[in-house]
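Got a structure for you, written out below as structure tokens; questions coming shortly.
Lettered A, B, C and D in written order, each chain numbered from 1.
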Amino acid sequence: MSERDFTFSTEIQVRFAETDAQGIAHNSTYLIWYEVGRIAYLAEVAGGYQHLRDEGLEALTIESHVRYLGAVRFDDRLRLHVRCGDLRGARFRFDYRVERLNGDAAPETVADGWTLHAIVDGTTLRPTRLPGWLREAIESANA
Amino acid sequence: MSERDFTFSTEIQVRFAETDAQGIAHNSTYLIWYEVGRIAYLAEVAGGYQHLRDEGLEALTIESHVRYLGAVRFDDRLRLHVRCGDLRGARFRFDYRVERLNGDAAPETVADGWTLHAIVDGTTLRPTRLPGWLREAIESANA
Amino acid sequence: MSERDFTFSTEIQVRFAETDAQGIAHNSTYLIWYEVGRIAYLAEVAGGYQHLRDEGLEALTIESHVRYLGAVRFDDRLRLHVRCGDLRGARFRFDYRVERLNGDAAPETVADGWTLHAIVDGTTLRPTRLPGWLREAIESANA
Amino acid sequence: MSERDFTFSTEIQVRFAETDAQGIAHNSTYLIWYEVGRIAYLAEVAGGYQHLRDEGLEALTIESHVRYLGAVRFDDRLRLHVRCGDLRGARFRFDYRVERLNGDAAPETVADGWTLHAIVDGTTLRPTRLPGWLREAIESANA
């Protein structure tokens, strides 16, 4: 992960349904949160994921990585830091850092990770180039 | 629910991801199990749900009801009893009973419920009549 | 359902992970939304669900009912109307109505339903009376 | 990932609820399948995950990695290949390969990945050494 700072974040609250019998958020839930973060990011910088779908495109997830750094519990308030980069042909990458907000105390990093995506045609699921408007929106968000 | 016996059943095992911080299977999971039961039923009696989708049809869920009669825990082995009936125009109903298998001891009913469905065109999501082959397959399974 | 109006509501946005291959929110997801609504309600009127858990109590779901009145899609913004009532011994009931917010157009009811709950000891899962403070908080929210 | 072959596998069928509006299994679902595979592995080689929980231990997931190599659809039958290794103090690692079974045609690899785990005390969630019986069971499964 590069040293560049995250410039976008969104908040979520841990749902009871996201916990498991260990009393903590289930490990698969983080990938759903990362997706919530990506979608909020795209809504902010690029008119929304639906904008991509309206052009007949989809973003497939082709790789995912999560580091679970601290247990997260029901009702915890989390800040998802999200950034996008590494645009190459049909591919791009999102990085994430998840902080737990602790009232007046300092936030605590509880997870990080990244996902790798490919732009595909929504019908054939074949790779296609990242649309120019999306590339420009992401590059301008990173500038 | 009519007195008629269930004639079809399938088994599942409770996944860890299906539990919540109460240490029991989350209440929303039962609707996923009911769907697993419906799909196994349709595979057995009517060539499978995909058969319906191949004709451009979908079965929408328009109502669901669950009674949670006993806590279900990680790794519990469950038998889902499933039956279909009440075919009227575009609509049909599934009934469910869930038993926990307890080794040599008698199985215990831990949930029951029903779901109501409508056959719709897969593109427009508008109601359409139950195909004849599906009606006949269900009626013959109930005979 | 009584004629009494809902006095509490909260908003959510449909997550991509909540959709299924029919292109709409999966029927099991509504029970997760209802739970999100209950928890927001309890946070507002009764100090939060965690307050109950801190007293060693849990609220088990013992029955659930959903009517799906209109397809809900990715990114739809929903308003969950929630109310609690029918307090009897260990039991209480929540009612829900889900509206889709349509920008400047009028909101549209897309689902309703109810869940029935029992207060139990968090360790034994045995029924126990609704704590007085919770009963009073709910009754005062309904006044 | 080492060159050593997988010696354990289990099969699952893709649930409708596991698909999303792209018509394929959602990326977070693979972590649930990996868990299903781990639990089946532990049932086979080490008396089951519940055996660990009965000793007051839990296995936390501390890192996860998934490569999505081919779209997986509703009703696809998958074989999960699972192996465990890299036992060090409180930590161990699982590797996975997911194949789609294609009737008479050759199976096709549709995903792989790994997860890293730590044995913790179930109450404090503090790391503790892998119990001897678990280490021996895993080493003997790999022999």
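Before moving on, here are some points about what is shown:
Just so it is clear, a residue touches a chain if its C-beta (ideal position, glycine included) is under 8 Å from a C-beta of that chain, and two chains touch if they have at least 3 such contacts.
Everything quoted here is computed from the prediction, not taken from an experiment.
Taking the CA centroid of subunit B as reference, the farthest chain centroid is that of A. For the pair subunit A and subunit D, the fraction of shared interface numbers is greater than half, so the two copies use mostly the same residues to meet.
Inter-chain spacing, taken between the CA centroids of subunit A and subunit C, is 28 Å.
Centres computed as Cα averages put subunit B at a distance of 24 Å from subunit C. Those residues of subunit D in touch with two or more other chains are numbered 16-17, 24, 28, 32, 35, 74. By the touch criterion given at the top, residues 16-17, 19-21, 23-24, 26, 28, 73-74 of subunit A touch subunit B in their complex. Interface residues of subunit C, counted against subunit A in their complex, comprise 15-17, 32, 35-36, 39, 48-50, 74-75. By the touch criterion stated above, subunit D contacts subunit A in their complex at residues 22, 24, 27-29, 31-32, 35, 58, 60-68, 71, 115, 122, 125.
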